[in-house]
Structure formats: structure tokens, C-alpha cells
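What follows is a single structure, written as C-alpha cells, with notes after it.
A, B, C and D are the chain letters, set down in written order, and residue numbers restart from 1 in every chain.
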């Protein structure tokens, strides 16, 4: 069951992200991206990260991607096709090499090197992901959290300034 | 394994039927209530007091020709009603109508899933529901539809924020995101009593989310020729329609669970209490619909961003401080 | 603390006027400057009284320079010499400050002027009060700087800015010598404090150190004192570095008064007097100083005879009077030199302020040939001018007589007979040209009717300093100089200015009376001649000039000093600089620097092809980089 | 499920995102490909969080999300103003930085 879900989700992620980068119509790309995000949320649920999964949908799909969709619809840019890059073939080969190497490394060198923590799946099931997550976020990572909120504030002001400029 | 799957499927069918029927009869209710408020009668001819009118409407819609304009983006055009409908129906999965339910001696849970993050699940689905509208508007390849969908999605995104912030207050009080636990936390006191302000905000936001009057300028007939689904016909149109009314019921259910104590209540069975409360909230909606005029778009945005969100934020701060002190 | 406040008041005035003058204070700048110098004057008077009662102070405030065993402090020395100098600087200075209120009242840079005046006062006070050579040097340079600022005060006038530069550069030459002198002092005495340096044993030791320069047998002390005297030559405008002083007339008249009377030029005399233990041991230098002093006195007087510009006449008279002072210090009569400095400050300040008043009345015209008959128009100026002339001419009982007579007598007594004779001739000339200017300016018929009609007496702020200074010019000599050669000032300065090893040559009563009488007679003769030439027989000057045409031309053109310097020094320097500029600067330095820049441009031209302006190519580069990183990571 | 599965998935998604950045000419899509790459990183973090029995990984996902949100807001505002000025968002058209 778990395996089947993983493979299905992975398949959807890969296919939809491939479609995302190859569609000529940006709106279609955004919609494929939406599907990718949903599937990634599924992967998060598999990884005992329900809160992250919900956030993934609410923030990524519900806010960020809607913003992209808005901009795409607002600007309605003509389809441009793909970039005309010099040495296209050489580049493609290089990218493929890097790609393969990455996968190879991911597969062969994924030793769990870090120190095992205390929050096992059982504990997670018992206490609940959200509680644990909240405790960690607001105890250990309170300063980064505040910094992140300042970053968001700055981004908000920046976006407003940029967009309102006549 | 097999039994649970069968039970699950039966449960799904029952709940779907109930939802679809209630959506159908919600239209009847709306017409009747609004009619009486405007000193008319509403539908009377089909069936006793017009009770069969929704069925007749459904048959009419299904039987109509499915017109697809030529210049639409077909795939997106076809998917968008499904997305909207699915999102609004799927959200019902986590609504607990009672603490425990037994049908013909079989004990069963009165919900499909008991998620830890139930309320987040609902918010997530409602935010995804926006896509259906945007897709519909864009795929229709029509100016009115596009404008309507842009307005609609902007409105929904704005009010989602206010809604989420107003939801945070009962969540803080209950200390859980699980809807069942939130309901159980209200055994002694409904959250509407300490949290009347977020309740009001929630109701307003819910009206905006569901594009009801006074926030229905997305579908304003006078300006936008009925909004984002103007190019849709037949069953696809019906799906949008159903989704909208299902959303209404959903927001009423969420309001019931979060603020009105869910199934909690004396004497009467839990499930009856729940339905009474939902009907009450829906009645409020209809009441507002028949009495209030429509807002202008900038007024709507101003209300959302400049009034509701700040108040909700202040409320969260006050609530958390009080909880921290107590 | 009092000593420090003397310095602090002008400093505060400088800071306030300098920072806020332009925007806020503007026409009220004099409040701070004048107030500061008046307070300084008050402090100086108190210090003077204390010194009179036997006060002596050598206060070290903090250690300024610490270099191993050489410690140079920021300290103040109060003794009779510095207290006298304080009185001169602050008293004459404050008169000039007050005078400036009226004189500069319509000037644009009012606040700037008073800031500069305060800087000038401050630097002169540092120079006078310092207890070591470094502070003396700092004051020395600051005086040079502030004179540059003040002479070039009207910097939009080309002649003024040239004069300022000339003063500055000429002073630099002297200062260079002074600097070497100070270095020699450090090398010899391992200290710069006066108290350490003026040590008889060490001085004698230095005297015994002999070496040869170009076959000349010289000792260290001679070189040191000669180098130090170079500085004095620059500052006190001695031949051959006197050229800057007359040009300094381009500045506003109070500045001229300040430079010529109270500060700046007296620095050299003060320095020589301060270093009397050194100079009195250096025989050759002393003789050299006497020679230079006499030459300067004669030079200034001869040029002064022929000039027509009122301020220039006064300037050359300053040169000649400075020659007197330097001559006196060379002859070992340090007291006489400082005494003359003291009296000269009053009447020379007065003369300049009078000339300023005249200038004020004549709408900035300075040629005495355009003036005449001003006696009736401006009586106060006239009478004060008369007093100043009598004082400078050396007619008893006015101030100049006592000091000048003493210089001549001491010079005679120390055996410099020729110098004495030159001094006598100069005294005659002084009387002549001073009264020449008096007669031409204030007597006779007005030569320029238009200017004469507009002439008027100066405002109160200008006349009051004149009256005060005139009063001082009358009494100050008799007050401190009587009885002759044994007066109050001699006793007062005795402990500082009479070196232990220098025997004072006393003349017999008869001889000294004869000398006194001769100088008075000579002065009266000069006055009489001037009267004959300019009041009685007005055609005589022309005829005399014609008769001695070559000499007259030589005098009139200032002995062609400017021309000689221009052709001998400045032109070669300019040509050399141009050559260096063309061949070394452009050919080598610029080429090297440009080569660096061009190489960067060259490299950039090659590397610019990497920059396509497209994001994708950049990311592509990044991908290649990460590929390399992956390979490295994987293989290692 | 093994950790490798998730890592390989993440590597593949990252590679697809990178390819998207390289080949797309539409600035918005380039941005979206960047988001995809961030998502791949998120998968990695979540996987390690599970297999290390630590919850910090999930916390970092939240931070990455906030960064992504900020990036989207500012980046899209920039794109909109670019579009206002140049009437295009084709990345090939922007070569002002070129020599």
C-alpha cells in the first residue's frame, strides 16, 4: 500500500513536472505545477509531515501558485518556446551528466550520517505531528522564525513598492 | 480489510447522497425563504408546495445540450467544474456530525476521516477550489468570464486570509486542529460566546468565500453577465452550481463545529442538534442575502484587508495572551 | 591655569567663529574675537604683575611626543621675556582687533577675517608661550599659515593671492633653515626643552665639536645658530629674505599692522632673544647677525626714501627697524633688541592704523602723491601720526628714542663701529622718510581735490585704538627705559636676556652722552631736511632724484631684488619643473599608471565574451561548476 | 520505503527543475522551475527528518517556504514592472547587462 502510493505519487510528480517545463502555454504549465505540488504534499504525508503537507497545499498551491497564475493571466505573454542557447547539444549532454551523477550519488551515498533523534514515527503518531512541530519551531527555532517573518514583511513591502510604482 | 472498504464505500455513497440532496433542497429553501421575505411564495407548483422543484431543475439541467464554445481551451474547460465540485464535496470528509453513530446495529464513525489537521484540510481544499474558478474563467476565452474569475479569485484569496485568522481563535482555545477535538472542547461552552468577534468575521468571510450577497459581485448579472461560468451549460454548469451551494453548507458546517459547539446540545440527539445549527447558519446567510445590497469591488477589498484582517489579528493576540495567562 | 586661558580664549573664538561664523554669527563675529583677545590681555596683565613679583612658571600639561628618551611636552614657560611678549602681542593685538571692527565693517568676509585674526593671535601666543623648540616651531608655522590666510584675505585679487604665496614660500625657505636648526638642537642636546638646552656645559661641549665644511672650520654651535637664524631671517624679513614683507601690504591694513607691529616679524627677534645662551656663544653667527641686521636696516631705509605708496613706506621702515633689532641681538644687546621690539610694536602699530585711517578716508588710494592737506580733515589721525613719526624718528622723550639710542650705543660699545655708523645713517634716513610722508600726506595743498573732498575722520572704533596707541608711544619708552641703560626693563629682563658669559660693555658717561646727542641730532637733521624738501622748497626732491638718477632708480626699484630672484631662482626652477613634468611625469609615471589601466581594459575585452547578458548561460556556467564539484567530491 | 527512494525522487525533480530553468524563455516559468527545485529540496529535508527521527527538517521546510513566498512576491512584482517597461517577459530580450 505504502509502496504503491509512493510509486504512483512519484510517477505523477515526475510526469507532471516534465509537462510543466515543456508546455508552451504558461497556464497549462501552472496547472501541471499544481498537480506536482499536490503530489509532493502526498509525499509529505507519507513522510509523517502532515502539517507540512497542508502548508504545501495552502501556501504553495493556494497562495504562491495562484499568484503565478494571476501574473500569467494578467500579462498573457505570447508563447516563446524554448530558449535559443548556443551549444545546445553540448549543454544538454552536460545537464544529463550532472543529472545522472546526482541520481547516482543520491542512490549510492545516502548514508544516514547524522545523529538519530528522539522523534520516531511511533512518537509522532502518539503526540501528533503538529504539536511536535510547533514545539520545535517555537522553542529551538524561534529566532530564525522571527527572521523569516521579517523577510516576509520586507518582501511584502518590496512587492507593493515595485507594483505601485508609476 | 474488505469489510472496512465496503463500509467506507457505503458511507461515501450515503454522505454524497445526503450532500447532493441537501444542496438540491438548499436551492428550494433559498427560493422559499427569500420569497417569503420579499412577500412572495416561491415555487409552489411542482409537487406539494413545490417540494419537487429541485428534482425538476436537476433533470432539466442534465437533459440540456452541452454547449462547448469553439475557442475554449478544451481540457482546462472540462476539468475546472470537476475541480471546483470535487474540492467542495471532498471537504465534507472531515466534518463530524455526531460523536458516534449506529445504523441498524452497526457502529460507525460519523465521518470519513479523522485527520489531525482537519481544519487545515478544509482550508487547503477551499484554497484549491479557487483554481476551478480561475481555470473556468480563463479557459472560457471570454472577457466576462475572465474578469469574473479574476475578481472571484482575488476575493476568495483575500477573504481566505481573514477566514483563516478567525479560525485560529477557536483552534487556540481548543488546542487542536482536529475537528472532533474542537467539538469536544465545547462541551461546556460554545466558542461563540468568548469568540463572538471571530464568529462574525467568519460569517462575513464565508459569505465572501461562497460569493453570496452582499459579496456576489463576481456573478453580478448586471456587470458580468453572471460571472466566470457564463460560457458553461448543462451538467458542467450544474456542477458549478452544486459546488457553490455545497460550499455554503460546508461553511455552515464549519461554523457549527468551530463556534456553535458542533453536535453538543441537550435532550435532542447529537445529529439533530448539528443539523439544526447548520440550518440556522444557512438561514442567516439567506436572511442577509435577501436584505443587503451588493458592495463595490474596492469596498469589498477594503473591508477584507483593512477591517477584518486587523481585527482578527488583534483577536488572536488577545486570545493567546489570555490563554497564556490562564 | 591662567597661562592656559591666555591660549584658550582665542582658541574658543576660532572655534566659534570658524564653525558658526558663516551661517549664524556673520556681522557679530567681532564679539567673540575681540572679547577673546581682551580676556587674553587681562590674563597677560595679571601674569605680568605676577612675574613682576617674582613669579616663574614652567608648566608641563602633558607629554606630547614621546620617542624613547626624548620627551617633548606641551608646556608653557612664563618668565619675564614671555610676559613682555604677551603684553606686546595681546595689547597691540587687541587695539588692532578693535580697530578692525570699524575698518572691516563693510567687508563680505567679516566673520572670516575675525576667525583668521584669532588664529593669528593664537599661533603667536603659542609661539611665545611654548617652553620648548617644538612648540616654538608649531607656533612659527602657524604664524606662517595665518599670515598666508590674512595676506590673501582678498583672494579674488590676483596681487593679494600672489603676495600671500610669496610670503608663504619665502617663509618656507627660512623655516627650512629653522627646521634644520631644531633638528640639530635635538641631535646635540637630546631634548627640545629650553630648560635642558640652555645649559652652559652642554653649549660649551657643542662649541667644542668642530668639523670642516668645504674646508671651513666650523663648530656645531655655529651651524646650529646659523640654521636657527635662517628662520629668523625669514620671519623677521631680514636681507635677503625681506622681499615678502612689503608685498604683504596686499592684505587688509589691520593685518599689516598685526604682522608688522605685534606678531610675526617679532617672532624672529623673540627667537634669537630666547636662544641668547646659544647665540652669545656663537661668535661668527653673532657677527653675521650684526652684518645682516645692518644691511637690512640700510636696505629698508634706502628703499623707504623713494617709495610713494604710504603702506610701502611703512613696510620698508619696518624692515629697517627689524634690522635694528636683529643688529642689537647680534651685538649681544638682547635687552635693547627686545626693548626696541616693545616700543616699536606701539608706534609701528599706530603708524599702520593711521595709514589705514588715511586709506579709509581716501577710498583705498595709497599713493602719497594724491594726498595732501589731510591735517584739517582728520585731526586725530594727524596728531597720532605726528606722535608716531616723532617716536620712530627717535626724538626724546618719545618711545623710539630710548630703544633706538640704546641699540646704537650698545652696538658701538660692543665694537661694531661700522654697524653703528650704518645705524646712525639709517636713523637719519628714518627721520627723513617718516617726516616726508607726514608732510606730503597731511600738509600742503590737496593734490586730488575729489578725494580730498570726500575725506573724513575715521569712526570711533578706529580712532580710539589710535589714541591709546599714541599715548603708549609717548610714555612707554620713558616709563620703562629711564634711566638710560639701567631702566626698569633692564632689571626686569636681566635674568633672562643677559647671558652669564657675556660681558656687557659699558660706555663711559661722556661717550654715551655724545652718542645719544649724535643720534638725536641726526634725527633732527632728518626732520629738518624733510621740512626743507617737502615744505619749503618743493622742487628739490625732483632735482635730487635727477641728480642721483642711478642710485634713485636703484632705491626706487627696491635694489632690483624681485627681478634678481625672478631671473636667478624662479625662472630656472620653472624651466626645470616643466622639463620634469614633460619627460619624467608624463613619460614615465603617467605611462606606467596608464599601462596598468590599459592592461585591465585589455583583459576585460577578452573576458567580456563570457558575459552574454542571458540568465541561462550564467546558470549553465553554474551547472558546469556544480558538475566539477560533484566530480571532485565523488573522486576524493 | 528506503531513504534512497525519496532522495532519488528529489534528485529527479531537482534535475527537471534545473532543466526547466535552462530551457525556458518565459521568465515566469523560469521562476516556477526554481520553485520546483525548492520543492525537491523540501522532499529531501522531509525524508531526512523522518529517517533521522528529528523534526528540525520540517521546520526548515517552513523556512524554505517563506523564502519561496518572498521570492515569488518580489520576483513577480519585478516581472510585472519589467513587463510594463518592455512589453515582454522573454528572457532573451533582456540583455542590458551584456557588454
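Keep this in mind: a contact is a pair of C-beta atoms (placed from the backbone, for glycine too) under 8 Å apart; a residue touches a chain by one contact, two chains touch by 3 or more.
Predicted model only: the values in this text are computed from it and were never measured.
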Result of counting contacting C-beta pairs for A-D and A-B, higher pair: A-D
Innermost chain, taking as reference the mean of every protein Cα atom displayed: D
Approximate Å spacing (C-alpha centroids) for the pair subunit B, subunit D: 33
Inter-chain centre distance, subunit A versus subunit B - centres from mean C-alpha coordinates, in Å: 29
Whole-Å gap between the CA centroids of subunit A and subunit D: 7
Centre-of-Cα separation between subunit C and subunit A, whole angstrom: 83
Multi-chain contact residues (two or more partners), subunit D: 18, 22-23, 91-92
Residue list for subunit B, restricted to those that touch at least two other chains: none
Overlap residues in subunit C, where contacts from two or more other chains coincide: 614, 616, 620, 623
Pairwise touch network: line, ring, star, complete, or other: other
Interfacial residue positions of subunit C with respect to subunit D in the complex: 608-609, 611-616, 619-620, 623
Sites on subunit D touched by subunit C in the complex: 18, 21-23, 30, 91-92, 94-99
Parts of subunit B lying in touch with subunit A, wherever the complex brings them together: 73, 76, 115-117, 120-121, 123-124, 127-128, 130-131, 134-135, 138, 146, 150, 153-154, 157, 160, 177
For the subunit D and subunit A complex, residues of the former touching the latter: 1, 3-20, 22-26, 28-29, 31-33, 35-36, 39, 42-43, 46-56, 58-59, 61-63, 65-74, 76-81, 83, 88-92
Subunit C to subunit A touching residues, read off their complex: 614, 616-617, 620, 623-624, 626-627, 630-631, 634
